[in-house]
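Naming follows writing order (A, B, C and D), and every chain is counted from residue 1.
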Amino acid sequence: MPDSANLTPAAAETYSYLGPAGTFTEAALKQVPAAAGKSWRSVNNVGEALDDVVTGRSVAAMIAIENSVEGGVSATQDALASIPNLRIVGEYLVPVNFVLVARPGTTLADVKVVNAHPVAYGQTHLWLDANLPSHGHLPATSNVAAAASLLASDLADAAVAPPGITDHHDLVVLAEAIGDNPNAVTRFVLVSRAAALPAPTGSDKTSIIAELPDDTSGRLLEMLEQFATRGVNMSLIESRPIGDALGRYRFVIDLDGHILDERVADALLGLKRFSPRVTFLGSYPRADKLAISVIPRYDNDAFVDARAWLRGLLTGEPLPPPARP
Amino acid sequence: MPDSANLTPAAAETYSYLGPAGTFTEAALKQVPAAAGKSWRSVNNVGEALDDVVTGRSVAAMIAIENSVEGGVSATQDALASIPNLRIVGEYLVPVNFVLVARPGTTLADVKVVNAHPVAYGQTHLWLDANLPSHGHLPATSNVAAAASLLASDLADAAVAPPGITDHHDLVVLAEAIGDNPNAVTRFVLVSRAAALPAPTGSDKTSIIAELPDDTSGRLLEMLEQFATRGVNMSLIESRPIGDALGRYRFVIDLDGHILDERVADALLGLKRFSPRVTFLGSYPRADKLAISVIPRYDNDAFVDARAWLRGLLTGEPLPPPARP
Amino acid sequence: MPDSANLTPAAAETYSYLGPAGTFTEAALKQVPAAAGKSWRSVNNVGEALDDVVTGRSVAAMIAIENSVEGGVSATQDALASIPNLRIVGEYLVPVNFVLVARPGTTLADVKVVNAHPVAYGQTHLWLDANLPSHGHLPATSNVAAAASLLASDLADAAVAPPGITDHHDLVVLAEAIGDNPNAVTRFVLVSRAAALPAPTGSDKTSIIAELPDDTSGRLLEMLEQFATRGVNMSLIESRPIGDALGRYRFVIDLDGHILDERVADALLGLKRFSPRVTFLGSYPRADKLAISVIPRYDNDAFVDARAWLRGLLTGEPLPPPARP
Amino acid sequence: MPDSANLTPAAAETYSYLGPAGTFTEAALKQVPAAAGKSWRSVNNVGEALDDVVTGRSVAAMIAIENSVEGGVSATQDALASIPNLRIVGEYLVPVNFVLVARPGTTLADVKVVNAHPVAYGQTHLWLDANLPSHGHLPATSNVAAAASLLASDLADAAVAPPGITDHHDLVVLAEAIGDNPNAVTRFVLVSRAAALPAPTGSDKTSIIAELPDDTSGRLLEMLEQFATRGVNMSLIESRPIGDALGRYRFVIDLDGHILDERVADALLGLKRFSPRVTFLGSYPRADKLAISVIPRYDNDAFVDARAWLRGLLTGEPLPPPARP
């Protein structure tokens, strides 16, 4: 859990999240035991959430980092690449499904315009096309805002919203489970200020962002060999433009294991030497709790033994006396 | 240029693009000599544009595939991965900059709500924060729609739009060059139905999408070695979720060179054997016209010579008569 | 079996081997069905044996190429690297053991000087040191010559020789099985002039010799990747000095599989492009008859399928007519 | 220079070498400043030389390890692989050339049988075939023994010997520079008991022997990647049979750099973890005095910096106080 030494009492009690109440992000934050009973601060976007952490207004922020259908959340990845002193301290999965809601009295046949966040719209497109073939789309800034707007104006007749939205708003559900992919899930991370690392659990993940030394052919291959030669598996690699010129990328990478695992630490050393710019985003327990299996050749003992061997070579082992004087 | 054998005369004359007039996509289409004087069809999104091509309504569609700041356009990448029989036949670069426009009579001091497509908003965020610190954001479906909406409703006071928008709409420019990155550029591709390949020019690119055989450690490394061992350079690699489960990715890859270059063809053969699913998106001239340099070990002659050598081994070279009978 | 088109009737009937009768090489030749009942020509060294083949004096020569204890036979490897138009057409294994022989009437206690070929001496060193601690060593040019010399002079009192030597010479065995390693085995190859390849059997080996393009760091790694990316396993790699300067090596390599296996042929093409000098020594049945297992990703069908796919891309698949005209 | 703590005064003064006086090995030992004026002990073979070191009879032994024409000296490589607690502490090059010598009064026309060590015979074969086409070969145990034997018996008429042999024996030179390769050179190493390492000089070499973890395809490639990912170049790799079964090899490897160079130490750690059996043979100055160039990414500072970075991550950098409390 995040270190709170430099925080005011209020900040140490505050968690920021993309609100308002009812969002998938709030559902992720509900999975954090330490956040229970604390102050939750609803913000409008990733930048604001991370700013709360950087400035000490909050002890941590919950942000979406990847969707199983849409892919990596670019804004999150780019913010983590550019804002220093942030650390991921936890990972949480939230199944993503949607309901179609409307003002009381509306029926499906009445719906002409649907208010929806563009990502939610993209994930319910098939259902909407099949059931409301001539609908129009009004974009919203968030899933909850889409629903809330129904009560503020009649520009739209229905909204795509998260299940449970009717707990917060006086709306009715016209259709449930309208997501095109029933297995869709969003991965969230809890981000804190750089400080004490979560302890290794045997089911951990390490996130980094790294650039290549230059655009010579084969550089990405060389970078991946830094992991392979230490038996470190990658569960994610995404490229993101550095932004200064077309064709220049940084790589967002998730590794199996914890920085306190010898093989991961050694791979990070290799990466640090290879790459002109490495950002360590944190080592933290995996949401899926899957144990990481390590072949003995790359386990902690192998590293300890190798160092003892090298030390022996360098210092000169005590030799037995000569057999024949 | 695309083969038009199966198209109606009208379709052979039609190019689809993300409209309306004034978008960056239109600016990209203006760079295509063959499109000059033909019918241009404005559509609302990538799906619609590609559908026009698949159904034969248009001979080709211009779509954005990557932005130097925002990264790959996920919708485009995912559509190209899932719709068969499409081919990229050309690549075009458009510098991306923005102006802030408003209804005549509005001044900067009057602006409280800004209408902007989310991507455009992301690329003008610094300027907007600095110059309109308390503005609100209303999302739009396109850059041109953002501007046009100013004339349809007064929900917003200003809009982020492409330069030249005032040619099409009765609006005034409040500020120019408000993009956060003056070098920002968007890469577009012209997509046609699978047919004749554009001829190699010496400055070509080959685009593919490939999956890994399984999630064994080191598989990505193995895939990249298929390119490295043939001296084929990658200019782009992006992962995209396959969508069926978290942690499963396909890779969108751009290679230097043309499928009619021996080394690229051979790398594609290697990739095809390695990967359970490869989609060839096309070989086409690079927008930047940079010549691809190939080391002699991997040039066409090296491939021809090696085949001749192998053929000699297999058929048995004619041997000189024995020196001593 | 070797092509005999250019050979005189006598040559087509002659096999050369390192003699005289009784050597391990003769034991290897006895394993060749085609050689049964033909003329066998005993020669003094590898150079002479290969010269017989080159000049057409013999249809084939049996030569030792590797010993499980002593390693590769340098003279053979270097001769195969420098003499053109030779092909290995078969591989044979001979268990290597030794007896200590002497003139009739000699006892072990009488032995002061032991005549032995240096390699045989090296492989019986432990036994000789233990049982004849103060013996002297007189080197011989072959194992059989060592034994035969006992009858020509009394410079030595005993000889290290192959089992069965007493069939050919009037000598007595002082000790049997004196080899230090009871599992020692020598690998022989039957070498013919370049011509028709032995047919694939499913248990084949392909031998090559290759040089690196230059001494840049990592070149050997690159060469091995030519095999790895085609799923081709190496069963042997040995370096041999090219001979022009210290530090310049060529590599003698055995690959699992036959040049008529698609993956081996493709790996050879890759190697030929990479290496400035490749010598193909032949594809031939393995002596151990072990079947080579190939993962489906690299089997012949995978190669045929990939080519068909590429051909489709290049020619343009016949497209279905547009769905909507 | 070797540590002499456990040696008797006499042993600390003694150097063993393959004798007798006049051999190339003696020429190598003459290049060792510390050996000047000490006791030199002539031995008969590599085993005896190393035994002197192991038992403390000598402080060090000079042994041949590689010839630019003949390749690695198997006996030396195998002895170093199996005898523990030995270290190479220096490397020396001796140009290899030969003279043909005979008893006074003999002319070239008189020569029918030539006495020669098999390696020397192999390196003068072309000259002998051209100038003495019908000569016979009598093998000798060393180059000097070949010459000396002329005075002990008349079995041979001439001998192949090192230049300078006439300083030691009453013989005449029939022909000079009869070596087939005028650039031939032999590399010798000075071997001592494991103790203090020679200090790094900027032009060093590190010798190791390593086995692969199993015979899975691609293992050698993986082992070489341990060096490549640390920017460590290999100047030599030779395979030697482990000896227990055909097809099992260990690898004799020379690396550029010293074990006290960070990148070499780290590569050795990686190798130690990967390989079930690694023997460190020593780090010592190169005979050719060529400076090793290291790219900055892999120099000592890169390793020190990476460790400092990792330590910072693990301990938690001191954070600036929050910007806004």
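Quick note on the criterion: contacts are C-beta pairs under 8 Å (C-beta built on N, C-alpha and C of every residue); 3 or more make two chains touch, one makes a residue touch a chain.
Here the structure is a predicted model, which means the values were calculated and not measured.
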| item | value |
| --- | --- |
| Where subunit A and subunit D overlap in contact partners, by chain label | none |
| Separation of subunit B from subunit D, taking each centre as the mean of its C-alpha atoms, in whole Å | 58 |
| Cα-centroid distance, subunit A relative to subunit B, in whole angstrom | 27 |
| Multi-chain contact residues (two or more partners), subunit B | 225, 228 |
| Every chain pair meeting the contact rule | A-B, A-D, B-C, C-D |
| Residue numbers on subunit A that touch subunit B, as the complex places them | 47, 66-71, 74-75, 93, 118, 122, 137, 139-141, 181, 183, 185, 187, 217-218, 220-221, 224-225, 228, 231, 233-241, 243-247, 249 |
| In the complex with subunit C, residue positions of subunit B that touch it | 3, 6-8, 11, 54-57, 85, 193-197, 213, 222, 225-226, 228-230, 259-260, 265, 268-270, 272-274, 278, 280, 297-298, 302-303, 305-307, 309-310, 313-314, 316-317, 319, 321-325 |
